[in-house]
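Right after this note come the structures.
Two complexes come next, and they have one chain in common, chain A, joined by chain B in the first and chain C in the second.
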Partner chain A sequence: MANKSLQHSSLTDNIFYRSMLAGNDAYFPEFESDDFLEEVVLTTSASSVTFSGLASYATAGYKHLQIRIAVRGAVSGGLGGFRVQVNSDSSESYRIHRLYGNGSTVVSQTGSGSYLVFGDTIPNSGVTSGAFATIVLDLLDYASNSKNTTVRTLSGLAGSSSAVQLSSGVYLNTDAVTSLNLSQDFNFDLAVGSRFSLYGSKA
Partner chain B sequence: MGMQLIEHIEVGSGGAASIEFTGIPQDGVDLQILISGRGSRSATDSQLRVAFNSDTASNYDVLKLTGESGSVTSSGFNFNSVIFGEMSAATATANTFGSSSAYISNYTSSAAKSLSTDSVTENNATQNKITIAAGAWSGTAAITSLLLTTNVSFVEYSTASLYMITAD
Partner chain C sequence: MTAKFTVLGNTTLATASSSVTFGSIPGGYKDLVLVVTGTKTVSGVAGLRVQANSDTGNNYHVVNMEGDGSTASSAASSPNDYIEGSNSRSFSTVSVASASVVIFDFSATDKHKSVLSRSSRADGTEGYAYASASRWASTSAITSLLAYSSSGNFAAGSTFRLLGVN
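For the complex of A and B:
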């Protein structure tokens, strides 16, 4: 086939580009690192919420997890404890510490047991109607096999009963975290509308 | 608003005296640092400090609220870095690391920089530190690098992840 001369081409825009971008801006794919992974919103009261597929997120490259929670309890009474259990382990393998204030008292406390319990966190029916507590729970390097699991939580509620706290907890086991069970202390139910949203950060 | 990983650093065997992020992109709004750290200091905890753009002069202020072993204290001071919290260290329960988050607003602005932090150590005992802090750097240049240091050094498996928060 003979060479075709562009002098006789039907192309009318004869602009010469030295770059393959052809005048376009370069594209840099953004590495978003705060990904929504999954969520549970209670449509009926429930005793607990479990995230059990955490190993798959580690495989996908998520290094850190954050759970963002809006929660209310479904029993009579005031503020209940927020409970976290790791990998279905109910042995005496947990310790917590907290810095807590309620508007009149400020304390630094510790406790230990067969799960993490962050006290005075979840409002029940005796607390301002419709009020939900906010909890942000962070687990860094949750899939590491070289570290015990440290949990950091920031929680707060203002209303007829108020509490704000920054708390920490440790699960004394270096196994990777593969599941988290979230509940109210004493197995009291969580109320309709409580939301637990799991986010992951890649690193 | 998005959150983009800039860099993740894990300390290798032998430990590290510091963790440094350089060449920070300038097209973000805020920065966030997540630290899972343990120090080699012979104590249950070790300080977490941050300095910007190699500035080691006394251009940093911090105000802290700390819960420690049943007591609550508040302190403030000026130093050559922001001492914003603590991590677990050598005499804390083995294999136990602290967890910290530091959020730096408007890191590219021509004003002084502010940061808000929360840090926890952990330890299977009463001794522990939980700290909320507010810090400030009087430097007016955009932040292009930051240096994390501690009393002695970071041990193996300590990690620091730096993220850029964007407006879109």
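For the complex of A and C:
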């Protein structure tokens, strides 16, 4: 954001401004610490997407991570589950709770297993062509080695197969997160055009 | 590193208005985030609605979920003539409500436009936690957005902020 010079200011209306920001773009300090880190956009279908090397972002000072996802599945059928695995750990170390609305009822569920599964999320070929589900996944304090890792998601898709979902998951391990593997449940492929964008926050 | 957000538009209502339009939205960003905070001008309640590219047709789909402190509910409107940014009782004269509308891949021409929204209202009269998913069933790139009230006007001082996500 470039500050405008008072020498060339357009402030000629003889009005007293109490703020030196007058005439400049509004300043939003809460956004200053968030950065785009990397991205995967599928040009062919794939069974999973992995973000590795997350330790380097911790070294760079990023305290929290966010993955913004627009995703579609590549198999026959309706909505599939969205799966997250931490540090390639396939032990029974994950638990989730989710609250989702399907357009008629609100359902609360819990589950545990060898990865986090957020059900009824990814549309496959049986769902309206061109419709991608969206997921915002937040990973807080991912680099801590004294806390279990908490994951929260907001996801949804509206249309013939509809669901909006709030979920929280935990990886019951205090190791710092160095990699994340994202996939569809049952190892069904992810479709071309699916996008996974990684952001870091230093605040 | 590239900053996550770029401010594309910022409007604070100087007088009451039923809507705000963001036009000539540039491409080059991945997602759009519309953040609205404000109140309603006269008694009653209202919700935030959004339309893309002046499309007033039944080309949208919505599914929502909300809780009011005693009841959780979910409803779907498919098809619909708007993106739902909040429930219909979020904005009032009683307290300042906030709503955020996130449109993914808004400039893509090979995808429908999927949207996630959240809003909140909490005061001595009513309270809601709300989330929804919407979809504009069009592969056109979004170049304008209309944010409007479902009933009456947003009060002076209400803010509408449009961000591009890099």
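Operating definition for what follows: the second predicted complex is superposed on the first by the 172 of 203 C-alpha atoms of A that agree within 3 Å, B and C clash if a C-alpha of one lies under 4 Å from a C-alpha of the other, contacts with A are read in each partner's own complex, and residues count from 1 in each chain.
Here is the rule we use: contacts are C-beta pairs under 8 Å (C-beta built on N, C-alpha and C of every residue); 3 or more make two chains touch, one makes a residue touch a chain.
This structure is a prediction, so every number in the text was calculated from the model and none was measured.
Under the clash rule set out above, the superposition-derived model of chain A with chain B and chain C contains a clash between the two partners. In the superposition on chain A, A:Gly169 contacts chain B only, with no contact to chain C. Judged by the touch definition given at the top, the superposed model places A:Asn87 against neither chain B nor chain C. In the superposition on chain A, A:His64 makes contact with chain B only, not with chain C. After overlaying the two complexes on the shared chain, residue contacts for A:Leu37 are found with chain C alone; chain B is out of touch.
Touch criterion met: A:Asp141 reaches chain B, while chain C stays clear of it. With both structures placed on the common chain, the touch criterion links A:Ala203 to chain B but leaves chain C unconnected. Of the two partner chains, chain B is the only one that A:Arg98 touches; chain C does not reach it.
Once chain A of one complex is fitted onto chain A of the other, the partner contacts of A:Leu154 extend to both chain B and chain C. In the superposed pair of complexes, A:Thr110 makes contact with chain B only, with no contact to chain C. Once the two structures sit on top of each other via chain A, chain B runs into chain C at 115-123, and not at any other stretch of 43-51, 79-87 or 115-123. On chain A, the surface patch touched by chain B in one complex and by chain C in the other comprises residues 31-32, 34, 99-100, 106, 154, 166. Touching chain A in their complex are the following residues of chain C: 1-5, 7, 10, 30-31, 61-65, 67, 72-76, 78, 102, 104-105, 110-112, 114-116, 118, 131-135, 137, 139, 161, 163, 165-166. Here chain A touches chain C in the complex through residues 25-26, 28, 31-32, 34-37, 68, 70, 99-106, 128, 130-134, 136, 154-160, 162-164, 166, 193, 195, 197, 199-200, going by the rule given at the top.
The touching residues of chain A, counted against chain B in their complex, run 30-34, 63-64, 95, 97-100, 106-110, 112, 138-141, 144, 146-148, 150-152, 154, 166-170, 172, 174, 201-203.
Residues 2-5, 8, 34-36, 65-72, 88, 93, 95-101, 118, 120-126, 128, 130, 132, 156-157, 159, 161, 163, 166 of chain B are the ones that touch chain A when the two sit in their complex.
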